[in-house]
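In the two complexes below, chain A is the common chain; its partner is chain B in one and chain C in the other.
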Partner chain A sequence: MDKYLEMIRVRFLMMLAYRTNYYTGIFIYGINIGAYYFLWTAIYGGKEQIQGLSVIQMTTYVAISWMARAFYFNNLDREMAMEIMEGKVAVELIRPYNYLGMKTMQGLGEGIFRLFFFSAPGLVIVYFIFPIRFTWDLSVWGLFAVSILLSFFINTQLNLLTGLTTFFLYNNTGLIRAKRVVIDLFSGLLLPISFFPGWAQEIMKYLPFQGISYIPSMIFTKGFSHQQAIEALGQQLLWVIILVIPIQLLWHAAKKQLVIQGG
Partner chain B sequence: MFYVSMFFQYLSQYLKTRLQYRADLFVEFFSDLLSQAINLVFILVVFGHTNLLHGWNRDEIIFIYGFFLVPYAVFSAFFNIWDFNERYIVKGELDRILTRPIHSLFQIILERLELESLFGAITGLAVMFYAGSRLGIELHWYDPFLFIVFVIGGALVYGGVFIMLACISFWADARTSLMPMMYNISNYGRYPVNIYNKIIRFVLTWILPFAFVGVYPAAFFLGKNEWYWYSFITPVIGILFFVFSVLLWNQGVKKYRGAGN
Partner chain C sequence: MNNAIEVQKLRKEFKAYSSRSGLTGAFRDLFTRNYQIATAVNDISFTVKKGEMVGYIGENGAGKSTTIKMLTGILTPTSGQISVNGMNPHKEREKFVQTIGVVFGQRSQLWWDIAVQESFRLLKKVYKVSDQQYDDHMNHVIRTLDIEPLLDKPVRKLSLGQRMRCELAAALIHNPPLLFLDEPTIGLDVLVKLKIREFLKEINEKYNTTILLTTHDLTDIEALCERVIMLDEGNVIYDGALKNLKETLGEGKELQFQFLEKVDLAAVKHVTDGMPVKWELDERDLIFTANIEDSDELISRVITAVAAVFKIKDMKINETSTEEIIRNIYEKGAVDVG
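Right, the complex of A and B next:
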């Protein structure tokens, strides 16, 4: 366990060394939030609420889902693809730890860094620029914290899955890009799942994507009742457990047919 | 003349290398198509809840998006300079470029051609024809010509802004994340500018004129009289920004001292 905690720490410190890059990152996220803020106010026009969300809740939704993205987002799939293509994965495999576990911990270290140095200051800035309403209800914050941790795991597991496909496809840059675009839309980052037509919502119920962004953001904006929030958390947890299965299957298959191209 | 023949030389080399890896080309094409589809889905879903966006209806917004894809495709095919800093300044590749007998910027554009992006223009045209037929837009004899002029204007606006950003590397060689930021800002131009507040509208028109890539020129084909004036200055803005960026580039090259050695 110690070595995994150490890995989180090392990643955290590594990110800290390159922190200036992150200040411009806050601007980028701010701009994205701004673009969607204007778009949404135009969409609402004079309407009081759409699908049970008011304009202010919607703005809060947009802001919080981008800031939560900073926590759960990572490039593990691309890192893994690089390590596999360059053959570095051979060295990783003989080291005394679980490669996938270690990758997850690195992602967590990165996420925790961004949570403190990116999301927290970013949220304060955004709070003063846009009409956002935060709740001071501690139970909501607690549920939200659990929820984004689970969304980190779901997103990371999907990244690991994508990364593992490199073993079989050798070059999966296209797949990585496609996966990112799909997640942006179907996770509810760009617009809440409840805005989709009924049949699409029905399909998405059976997909893990809404556990990434929609659930935590809805909890935060109080779009969910307490009961719904608890159920949603259960759903997220279920996906975390289910996704372990394909990862393990692919991982075992990958180890068997591993071909190191150079290294 | 020499420049034209150089262009075709590079073009044929480029085609040879790309066709070597056809599967890769296919996957790239597919993921481009997917991201365009997702932007469309966004528009469609949004218009499931509203009929008008500040006076613009669904098909008009789709038309603007379709138009935007065309100059954007031209820009991505020819001005692939987003990693100029790492590739040419930090690695010192620019030294090699400067010893060649053609203009340095032209040489870089040739080296970094990415013609498969032009597929995006086909998607854009298809989207425009779909939205246009639903809106019952009539095609006049001069429309195709104006379309080409506007597309070139829009692509030059994009090219100009990104060349200027690349020029920053001549003066400050630290890595910046300005480029991804600019990609984000450029997305603002895909939606009607009157949904934004005055400051952003001013910026999108005169400072980072991304509105000239999407809304303004598309407004002409949609018959929005109040925007015609903006539509017609699209090529002017494009040429102005592009010429200015090339002048800035030339100044920057004079200032360039090389990294290392």
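Right, the complex of A and C next:
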């Protein structure tokens, strides 16, 4: 376990090594939140509520979705694709650890870094600029914390899955991009799931994507009742467990037919 | 168990895809692709004893790296048996890699953006090395490789020679009984090369570390290895002492002359008429080279004959270099050594 914790620390150091990325990141997230805030206020016009969400809830939803994204988001798929394409994965395989486990820890290190140095200060700033209502109910915060941890795992698992396809496709830039768009759209980051047409909502119930953004954001904005929130957490956990299966299958197949590219 | 590596009938095949030509060909490639089975390693067998330093050589694409990758558990063999440190590298990967160290000359295993010592610290945790072991062993390694001043620098700021010394240290953090070096001296200057060679000799003596070394720099092999395994197109074409290879295949010696006065080749040839000598002339430096059999009597006869007629400025007797021997073997693609 020691080595995995050490990996989190190393990832922290790496994030610090590239400070500019970090500052531009804050800036980009700020712009995104601002843009969606103005978009939604325009859409609401004078209306009190759309689909059971008030305009303030909506603004909070947007702000919290983006801040949660800073935690669960990572580029593990792209990193893995690079490592596999350049043959660096050979070096990973001569170390006594689980490659995918180590990758997950790197993602977690990155997530924790952003949570503290990015989301937390960002949220304070956003709180003063936009009309956002935070709850001070500790149980909501607790549920939210569990929920974003699970979103991290679901998102990371999907990234690992996409990354692993590089072993078979050799170049999967297109797939990585497509995955990102699908996640942004179907996870409820751009649009809450309750705004989708009924049939689409029905389909999305059977997909893992809403566990990434929609569920934690709805918990935080109190769009869910306590009962619903608990059920939603169960659903997230279920997906975390289910997704282990295709990852393991793909990983075993990949090791069998692994080709180290570039000598 | 005295063998560090045992390999039997090891084979690795790759599918090599080929593209069809033209636009229609490209469309057909979308659905079905042509491929051929290419054999990178063709049923090779060898063993390496504990504490041995073995040079593993061959041309580019001969299958060296593929073998190393199978021996280190990265690639799965198509068929054949491997036992390294008494384990099957691929089956028990995580336990197995704990007992080996690997340096790939062309890839870094340090983390690019962080200081060298942070990489070391992480590897120390990864290999579960205790503080005391680390201090005992690594302080010595760091001192010998002279990398103390580099420890707090990020890897991306190191020169190639500095980085390679750190890579070597990183591969030795857990003091493995078996070390794989895949072209460790590629692109390094003479001083760094010498330092690395000395260091490898030292750990081999001190810890009885087995070393398998691939390189294109034959001076590395000459300096370190008593035994070489030579590979060509996936087959072992020679496995034995480097000395034998030289004695059996180092056919003859070279006599090099430089003269005080201007001499032409025909005149020199005339002097040694009747003796089995092949003369060559290096026009630029005016060096006359006589290629002759390795026979003491003949050598002195040639020298006497030449010295009697011409004034000699400089003279050398050379053995055929290993490089030349190896080049001959590559060209012929076979070795006839008993």
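Quick note on the criterion: the second predicted complex is superposed on the first by the 261 of 263 C-alpha atoms of A that agree within 3 Å, B and C clash if a C-alpha of one lies under 4 Å from a C-alpha of the other, contacts with A are read in each partner's own complex, and residues count from 1 in each chain.
FYI, a residue touches a chain if its C-beta (ideal position, glycine included) is under 8 Å from a C-beta of that chain, and two chains touch if they have at least 3 such contacts.
Computed from a predicted structure; not experimentally measured.
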Between chain B and chain C, the one with more contact residues on chain A is chain B
| query | Touching A:Pro96 in the superposition: chain B (first), chain C (second), both, neither? | reply | second
Margin query: According to the stated criteria, A:Leu191 is in contact with first (chain B), second (chain C), both, or neither; which is it?
Written below: first
Please work out whether A:Phe116 is in contact with chain B alone, chain C alone, both, or neither, and reply first, second, both or neither.
neither
Q.
For A:Leu13, using the defined touch cut-off, is the partner it touches chain B, chain C, both, or neither? Pick first, second, both or neither.
A. second
Which partner chains sit in contact with A:Lys88 here, chain B, chain C, both or neither? Use first/second/both/neither.
second
Chain A partner, complex, touching residues on chain C are 14, 65, 69, 72-76, 93-95, 97-98, 100, 102, 104, 106-109, 111, 113-114, 118, 121-122, 125-128, 154
In their shared complex, chain A is touched by residues of chain B numbered 24, 27-28, 30-31, 34-35, 38, 41-42, 45-46, 48-50, 52-54, 175-178, 180-181, 184-185, 187-188, 191, 195-197, 200
Listed in rising order, chain A residues that touch chain B in their complex are 21, 24-25, 27-28, 31-32, 34-35, 38-39, 41-45, 47, 50-51, 171, 173-175, 177-178, 181-182, 184-185, 190-191, 195-197
Chain A residues touching chain C in their complex are 2-3, 6-7, 10, 13-14, 17-18, 87-88, 90-91, 93-98, 255-256, 258-260, 263
